[in-house]
Every structure is written in structure tokens, then in C-alpha cells.
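So that you can tell them apart, the chains are marked A, B, C and D in the order they are listed, and the count of residues begins at 1 in each.
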Amino acid sequence: MRDEISRVVADCEIIEQVEVAPHVFRSVLVEPTIARTSKPGQFVNVRVCECYDPLLRRPFSVHAVDPEKGTFSLLYDVIGRGTKLLMEMHVGEKVSVVGPLGSSFDVGEDPSARHILVAGGCGAAPIHFLSDWICKKHGCDKVTVLVGAKTGTALLCQAEFVAHGVEVKLATEDGSFGFKGFVTELLASHIEESKVKNPDSAIRIYACGPMPMMREVARVCGEQGIKSCQLSLERTMACGIGVCMGCVTKAQDGCCSHHPDEWHYSRVCTDGPVYDAKELIWE
Amino acid sequence: MRDEISRVVADCEIIEQVEVAPHVFRSVLVEPTIARTSKPGQFVNVRVCECYDPLLRRPFSVHAVDPEKGTFSLLYDVIGRGTKLLMEMHVGEKVSVVGPLGSSFDVGEDPSARHILVAGGCGAAPIHFLSDWICKKHGCDKVTVLVGAKTGTALLCQAEFVAHGVEVKLATEDGSFGFKGFVTELLASHIEESKVKNPDSAIRIYACGPMPMMREVARVCGEQGIKSCQLSLERTMACGIGVCMGCVTKAQDGCCSHHPDEWHYSRVCTDGPVYDAKELIWE
Amino acid sequence: MGMNLSVEIGKIRMKNPVTTGSGTFGSGQELSDFVDLNMVGAITVKGVSLEPWKGNPYPRTVETPAGMLNAIGLQNDGVDNFISQKLPFLRQFDTPVIVNVVGQSVEEYAEVARRLDKAEGVSGIELNVSCPNVKQGCMVFGTSVEGITEVVQAVRQATSLTLITKLSPNVTDITAMARAAVDAGTDALSLINTLLGTAIDPWTQTFRLANITGGLSGPAIKPVALRMVWQVAQAVDVPIIGMGGIVTGTDAVEFLLAGADAVAVGTGTFINPKAAVDVAEGIASYMEKMKIDDVRELVGSVKTL
Amino acid sequence: MGMNLSVEIGKIRMKNPVTTGSGTFGSGQELSDFVDLNMVGAITVKGVSLEPWKGNPYPRTVETPAGMLNAIGLQNDGVDNFISQKLPFLRQFDTPVIVNVVGQSVEEYAEVARRLDKAEGVSGIELNVSCPNVKQGCMVFGTSVEGITEVVQAVRQATSLTLITKLSPNVTDITAMARAAVDAGTDALSLINTLLGTAIDPWTQTFRLANITGGLSGPAIKPVALRMVWQVAQAVDVPIIGMGGIVTGTDAVEFLLAGADAVAVGTGTFINPKAAVDVAEGIASYMEKMKIDDVRELVGSVKTL
């Protein structure tokens, strides 16, 4: 799923900084190449400080693009120093960005396929871009987005998904909004529903969220016999560009390998972050 | 000249940030104890970053105080990363300050003494505070401030000194304003003038500026037989509070020492920054 | 009920596990404007030698990324002046005093220790065999098993105070040095001293320190310090005072988890004059959050992934 | 007229003094989206071993103040795959390729060198006797005179390519290691590899790396690296490739002044994918400002204060 495209290292002006939910910010940046060439699932690597502490860039999924205006957005949870520094930057300041990086979601060519998108927490960031992308390619009526969070105020992009015109279902762990429980439970029941309603359509699953959720999505898809299940993984990254070998996850050597039952450490930044669930080995 | 006073470590709000000359900024901060207890020549040590790069605080002379409002000012040249970070802080942000630190200028008790203050570059920062202080104690008519800089636009605090009501004389190396040459040359001629005009008054010299200028002031004062010549020195400081022994300068062991011709390394942050020129040994 | 923060390093009982890094806290008095000296677990003062030492020429310090180099050269007024001028002030506090000792010969180390042994108000001796900024002695002792053995044995005979040997990180195998010190009779170990480094000004094309090289300290070295504390904790059974880049309470907790019984705050005091006390409070609030009653439960309890 | 930026490391002629730190530039291809590989002085690729190595479990990296720890464990596809899969791409460029070599035994090192010697498009071998993240071999060789002697001699016999020995900083006396490598026939030295360190998460009370310890790199270690390059430059006569925390042109100049003939940019590439080229340009613009015609004038010319 890796695309050979033009990548840039650029100082991007910040033109918008908004708190969209408690501790969750959206930053809009100017960079025409990234706006034009990014695909859903890809990410950018952001230098949050001009100094050496913090030293490393921080990876964020491309959340939305506006190729006309040449801008793109990030959606992020302020969880540590890097995200705090990013959030504190003022409109008009510039920030160094590398991207677009990594693999993207493959939305297929089948016009009748049903697309189920699953977002957990800030996993909504790339799912938002993906939802928009599928709508444009295959039409919104075939798209369902399942959004999960701990609690109602942490549900992200709800209004945006509604605006896209896709079906939206919500799950909160505390039941404060929508289905009470994990979004993966919602996924299981939604797949079953979908199979009943559209017995002839292939189902494609796309998910982004914390690792335990990704694992559970993979399990549900396996159980339900879903052929296409794509997961976006998160790993601590040092380089983000495939050279340090730091961001690895265990993956099958692949069908074409001489040792199909062998595994290797795959670089999430370059071979991922989007993987077909069948490639991954969970521990 | 060290005073035993209350020192604070405080997060101070920045209430004003102004560029007063090219690359020279004034920051006004809120800290009632520092505003109330600082004496001219003392400094504060400022943490310019919440991170560890840059790691160490940056020392700045107290430039002005407003004990009523509980505020004090810094005046600084943006020469490196620390001063750039300080300058970029926004009004309303807080910055950690330790102070007041170090020794202060001794303005004496002699009501008839003539006070000659010499400021080179950002050395004007403490000289400004000192000028105000002497005016209040002994009257402005006995004070002359000699301000030197490379060029006219770099002359600092001219208007403020005039507002204090003291005599002001200017020197620029390129002659673009006032006397053409070093402020120390102006000092030599001014001392001679002063001796002629007020033969019965003691002359007290106070200076702050780059090290070569301090050395030259000391030489001029020695040559002119000036009894009281106080110099404020600059040293790279790690702690600013007398514990690391990093900021040293060679000083005489002192009149009361058993070895009056012996020297030791004196801590500029605690035993200085203001020294009587006679204590110092130049290399 | 109340949490226990106290630890023991040899015969020294510290009310909390935080002492000060020698050379970063003066003789305590300088900091007393900022911190209540009763609030730290112990006060470790600047290295003292037999005779006064003038120290190295200026510049003596330079800032580096997340760290600093120093080449002070152990400027100090000598042990007799320390005892007569500095110690009386420290006796006012209910806090053990550990005196860092330096020397250019084994005999000098032993003599300083002998004089401190007789002085009232000294609880322990920290043997500095690791100062990188003095030409003779010192570091030379700290980087070989023979050197450490010789100095520690001599000082051990000179004093019955708690003897802490401070190790240099500039060695291939820190555990060999630790074992040598323990075998020679040290009661405890402290580590690490600074890493030898240098800095050059490209514009003037000169070294930034008059002494050319200096000792690297601060957050930059924390990973190395933590690794060495962990290695030494596996190798020997005496108490360890861990240090190197500690600025916050959780930094200190990392050292405790790695196997240190106590910690020292060095360069951290330059960033925050109250750091030693803030670190002690930080450990306490960490314990509260983690529901840990006794700080000693933390010691060495790090798990592997 | 034009400035000379070219330097020679053994038989390798570099058009500018900047190469890449092994393990931070992949096999070059990954970076070719960002930099013109013709613009760097040489490309030093990730360590290759005889057989493919899987590497260590995740997590393999952790950020530290002004630095990072890595415990990759030398994941690589083995020398044969390197030659058949990676080398052809690199041959397109007019830039010498230096292959970093690792092994678990002397014989393995020699065999990898032998295979590279026959491969077209390899200019030099960088012997990695200093990787701290692999259980057997490697670092064990790099921290003793005997180990270095043995490996360097064996590899020297296996290849006539320019042989560069990469030294570990985790030693008491780096100059002894440098001399051993030179005596055993190395053409050049590169230093430093990473400092052994660790990091602990206080909240989970676990090590942050699956491998427990890792190698510290980045600006944090620059003072140590610079000191070691300076020491080694005083001690031996072969060319030196200096590295450790280089991010900018003036960082590189500091290493040249300390005595390095060339430099490598490692972790700097993670901050700025164009770092290697930017550093080369930074050296050129420094020389212009300082009116220096030949980069070789800088080498070792640092003065004391």
C-alpha cells in the first residue's frame, strides 16, 4: 500500500489552532504538496521545538486536506510535552513538517462494497480523511463510521462525519453517549447487521485507534470472515522515514516469501502505518 | 558590598515586551519582592525555557524597579538562543526568575561627591537603575552618565537618563552620535573637567559594560587617582547563586588577609558582579 | 500510617532519600536563602583537600545540549578552613553532613579523612576518586581497580565515619570499580561523577574551557547514569547513592527503581535552587499516587518489559 | 579559486567531509526522496552481518534529553541480500559507499568483509566492534585491546578495501583502543559509537527498552564524542571520521578542529532528513565566512585559551 510520491521537508505556517474537545486540538498548516499528495492513513512528522529537548519529531496522521487552499490539518490529543508545544504555537508561527509518510488505506475498486470505518479516540484523525476520500470515490451511502471514546465529550469529528453524509454510530465506554461499551463490540454487531442487509456486498473494514483496539478489530474481522481489514498502527518513532528500524511490529514474511510461516520486524513508518490485518502477528 | 536580603524563586508574569533599539528588548515582569528589595547592580537569573535545552538560567541586571506596582524591568541584547527565547515570550506568559542576586553599587554617604556613571552597550541596564537611585539619594545635579555604543542607534536609555534630570554625555565608536571614540576616552576627559569644576568634591565612578571596557575604566581611574571606582563584571554563570564556582575572576585576597599580595578566584555571581576596581587583577 | 521516606546509607540516617551533588550545593550556606536545609536527607558539600586549592582558570563552565561541562578544578579552602568556617553553620541543622574528599596522593586523602573524623558534625565521607578536572591524582585513582583499592583501604583505616566511594563513569566496566571499592571496605557507593567531555567554539577555533576538558553533567547524562546504577546494584550489596541528571521527583524515582537507595541532585540545583527539596517532595507525591508506603519498596524494583 | 572540501579516508576520496552515521541512513535509498545522494561525501550504510538478523523486540528507541537511546539489535537482511538488493541502487551515484560490518565471531566479520571485497560498488568497510545492543560478540571485541586486535587483523587479511574501525566510547582509555586498531592494520578510525544507557518509566516501573539497555546518541553526547576525537587525534596518525551529536555545519567544524578528517551525521538525520547535505553546506558557508580555502586546514587546528 506504499505509494511512491513526493515527500517534503518544509516550514509550514500555522493558520488555525482550535481546541475541538477537552485536550484535543486541531492545527491547520499551509503546505501545498502535502495537501495535494497525501492519502488517507498517511502521516506527517512534526518538529515541535527548535531546540534539542524534545529532540525527535512527533508523528501525526493527516486529518484533512484542502488541495485548493494548499492546507492540511492535524487532530491531536495533548498527552505530553511535544503535543503541548504544538498546541501552544501561535497562528502565524512556522513549524517544520516532513511528509506525507507511510502507507495509506486502500479503498478498493468495488463500487458495491460496504465500507466500515472504526475510530477510537484520536484514531478519528485519519478516519475523517478516509471517510471524505471514500465518499468522493464510492459515494457516502456505502460508508458507516463507528466512533468510540471513553466518554461523550471525547467523541471526535461526529459533526464532520455527519456533514460528509455518512452513517455514524457512536460508542462510549461509560455509556454517556451512544452505545455503552467498546466500539469493537459495536463493530461486531454492525458487521452482522450489514451482512443481513447487504448479503451480496463485500465488507471492507478500516480502523485506527489504540493497539488493544486494533487487535480486537483484527480478531472480530477474523471471526466474521472479513476479507479486507486494514489497520493503522502506532509506534514510537525516531526517524519516521524508514532508516532507524525503531518503529517495528511483527509481520508475516508474506505469501510470496520462501518461508511463508516466517516473520520479520516490519517498519510501521514505511511499511505501515496501515497494514492488512492478515499481515500482522500479535503478541 | 553583598547585602543579606530576601531572595526568591518565582514564576513572574511578563506584562510588557518592547524593542527599544535594534535587537534590544525591555521586558517588564511582576515580582513584588524583587521590585522592593533589589539594589542597583544586582541581577536576576532567568529560566528562558521549560525544557533542558538551553539548560541554564540567563543572568540579567535589574534595569528598573517599581516597588509600588511590584514590577521590575530587564534590558537586554538579543545575542543568542536564551535572549531570543526571552524576547519571543508573550505578554501574559510566566517566566521563572531567581533574585535579586549579587552585590550592588555603593553610592556612599558623601553629599558633595560627584558621581560619574559609565555605560557601554547593555551595561546601560544597571546604570539606569543606579542613576535613578543616586538621584533619589543625593540629587540629580551631582550625576553624570556617559553612554557609549558602537553606533548611534545602539545608544541605550538616553531619553530615560535625560528624564531623570542627570547630565548625559554620549560616545559612539563610529562618531554617528556624540563624541567619536570609546566612552572610556570620554570618561578620562570628563574626570579632568570635573576635577577642575569641582576641585573639592570626591569623584565616584561606576561602570558596566564589556570586559575590555571595564579594564580600561579601571586603568583610567588608576591614572586619575580616583579612590572609588566600582565595576560590574560579566561572567558565564552556571548557578548564579555562589555554589558552582564557575563564574570566577582573579581578585586580591584583601587588605585584612595574611597574604595581601595573594590572589584568589572570586565568584562574580556572589562576591560581585560589582567590585571595587582595586580588588581586581587583570590578565 | 505516615509514609516512610527515610533511608540508611551506612550509619547515616537520611529522613528522605535526597542529598546534594558535591560541588553543586557549595557548603550549604549559599542555598539556605532558598531551601530549608532541614528538608533534605543529607547535605553533601563541595570537595575538600588538605591544603587550599585555587582551582582552574576561567572559563570553567560551558552549557551543552541538556547538560553542562565544568572544569572548576576543585577550588576550596582546605579541610581546616572547612572545619572552622563552614561546619559550624551546618551543625545548626538536623541533617547529616557528608564531606566530599579529594587528594593528590593516598596519604593526602587519608589525612583529610582523619581530620574530618575528629570534627564534630560530619556524618560521612564521600571519597572523590573521580574528578576529571585535576591534573594529578583523583581521576587516576578512580579508573583502575588498583587505584581504588589503594585509596579506599587507606581512608578506611583513617576514619570510622560512613565511607562512601564516588565512582567515575569514565571506565569500561563500572562494576569492577564498584567491587574493588567494596572489597577495600567502603560502606556505600555513589555514582556517577561527570563524563569527561570538551567543547570548541568554531568561531574563535579555541576550546571553550581554559582547562580544555571538563566534566559533563545534567539531564544529558541521565541514561548513562541510570544504566551504571542498575549495573552496580546487580553487582554489589552496599547502599548506592545514584545521581546524574536528576531534576524532578520522577527522575529520582527512576534511580531508586534501578537500585539506588538514595539520590543526589547536582546540576538540577542550578536550574532550580530548590531542586533538592522539590525532588524529595516529588518522590513523596509519586509514592502517594502509586500508593507506596515505604520508599525502600522502590529500590531496585524495576521490571523488564 | 574554488574552495576545496574534499578529503581522503584511506583510499576513499570524499567530495566533502560528510558521511552518514551507520544505522541512521538505512541503505541510502530511503533518504533519496529527500537528499541528492551525490551531495554527500560518502554513504555509510546500516550494519550488515553474515546471515540475516531479526533484531530486538519493540520498543527499540526512547527519547532522552537532547538524545535518544536505541536498541535495534542490528536488524538486517545479511550481506548477500545487501549485495544483491541494496548495492545496485547505490551504484547509480557518484558517492563512495562504506559498509558497516557486524559479526558474532571473528570468522563472521572476516567472511562478511571477504564477500564485500568482491562486490562491485563498495569503497570501504567500517568495522563495528562497538554495537552495544547485541548479546554476543560486537561490543565485547570493541572494549579490549585484545578483542580489537583480533578482529581488525582478521578483517585486514580478508579485504584490501579501505578499512575503518569504529570505536566504542564505553571504555576507560579510547586512545589504547585506537592504537590497537592502528597496530592491527586499520586504515582509519571512526568514533564514537553510542554510549550505553538505559531509561525507566516510573509509572509502569519498567525499562523503556525491551532490550533493557541501549545506545545513547544525539546532541547530548557531543561533548564526550568531541573529547574522544581530540584524544585519539593526538594519539594516532590515521584519518578519523568523527561523529556524535552532529546536527549543524558548525557542529561538524568542531569535530574537524578537534582532529577529525571527516564527520558523520547520525541522529541528526532523524531531526532533519536533509541533515547530511545541510551539514556539508554548513561547513562550506563557515569556510567562506572564515575565509578558509581548504577544509583540511581546519583539521586538528583547535587552539587552547
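In this section, contacts are C-beta pairs under 8 Å (C-beta built on N, C-alpha and C of every residue); 3 or more make two chains touch, one makes a residue touch a chain.
These numbers were taken from a predicted model, which means no experiment stands behind them.
Student: Report which interface contains more C-beta contacts, comparing B-C against B-D.
Tutor: Between B-D and B-C, contacts are more numerous in B-C.
Student: Could you please state the distance in Å, as a whole number, between where the Cα atoms of chain B are centred and where those of chain C are centred?
Tutor: So the centre of chain B lies 36 Å away from the centre of chain C.
Student: Return the distance between the CA-based centres of chain B and chain D, expressed in whole Å.
Tutor: Measuring from centre to centre gives 48 Å for this pair.
Student: Between chain A and chain B, tell me the centre distance in angstrom, where each centre is the average of that chain's C-alpha atoms.
Tutor: Taking the mean C-alpha position of each chain, the two centres sit 56 Å apart.
Student: Between chain C and chain D, what is the separation of their C-alpha centroids in Å?
Tutor: Centres of chain C and chain D (C-alpha means) sit 34 Å apart.
Student: Can you tell me which residues of chain A touch two or more of the remaining chains?
Tutor: Residues 52-54 of chain A each touch two or more of the other chains.
Student: Residue numbers in chain C touching 2 or more other chains?
Tutor: 59, 64-67, 218-220
Student: Looking at which chains touch, is this a line, ring, star, complete or other?
Tutor: complete
Student: In their complex, what parts of chain B are in touch with chain A?
Tutor: It is residues 49, 51-54, 81, 90 of chain B that touch chain A.
Student: Name, in rising order, each residue of chain C that touches chain B in their complex.
Tutor: Residues 23-26, 30-31, 33-34, 46, 54-55, 58-68, 70, 72, 75, 218-220, 247, 267, 269-274 of chain C touch chain B in their complex.
Student: Quick check on the complex: what are the chain A residues that touch chain D?
Tutor: 6-7, 9, 47, 52-57, 96, 98, 235-249, 264-265, 270
Student: Inside the complex, what are the residues of chain A that reach chain C?
Tutor: Residue list for chain A touching chain C: 52-53.
Student: Which residues of chain C touch chain D in their complex?
Tutor: Touching chain D: residues 57, 59, 64-67, 69, 143-144, 170-172, 195-200, 202-203, 205-210, 212-214, 216, 218-224, 226-227, 230, 245, 250, 253-254, 257-258, 286, 290, 301-305 of chain C.
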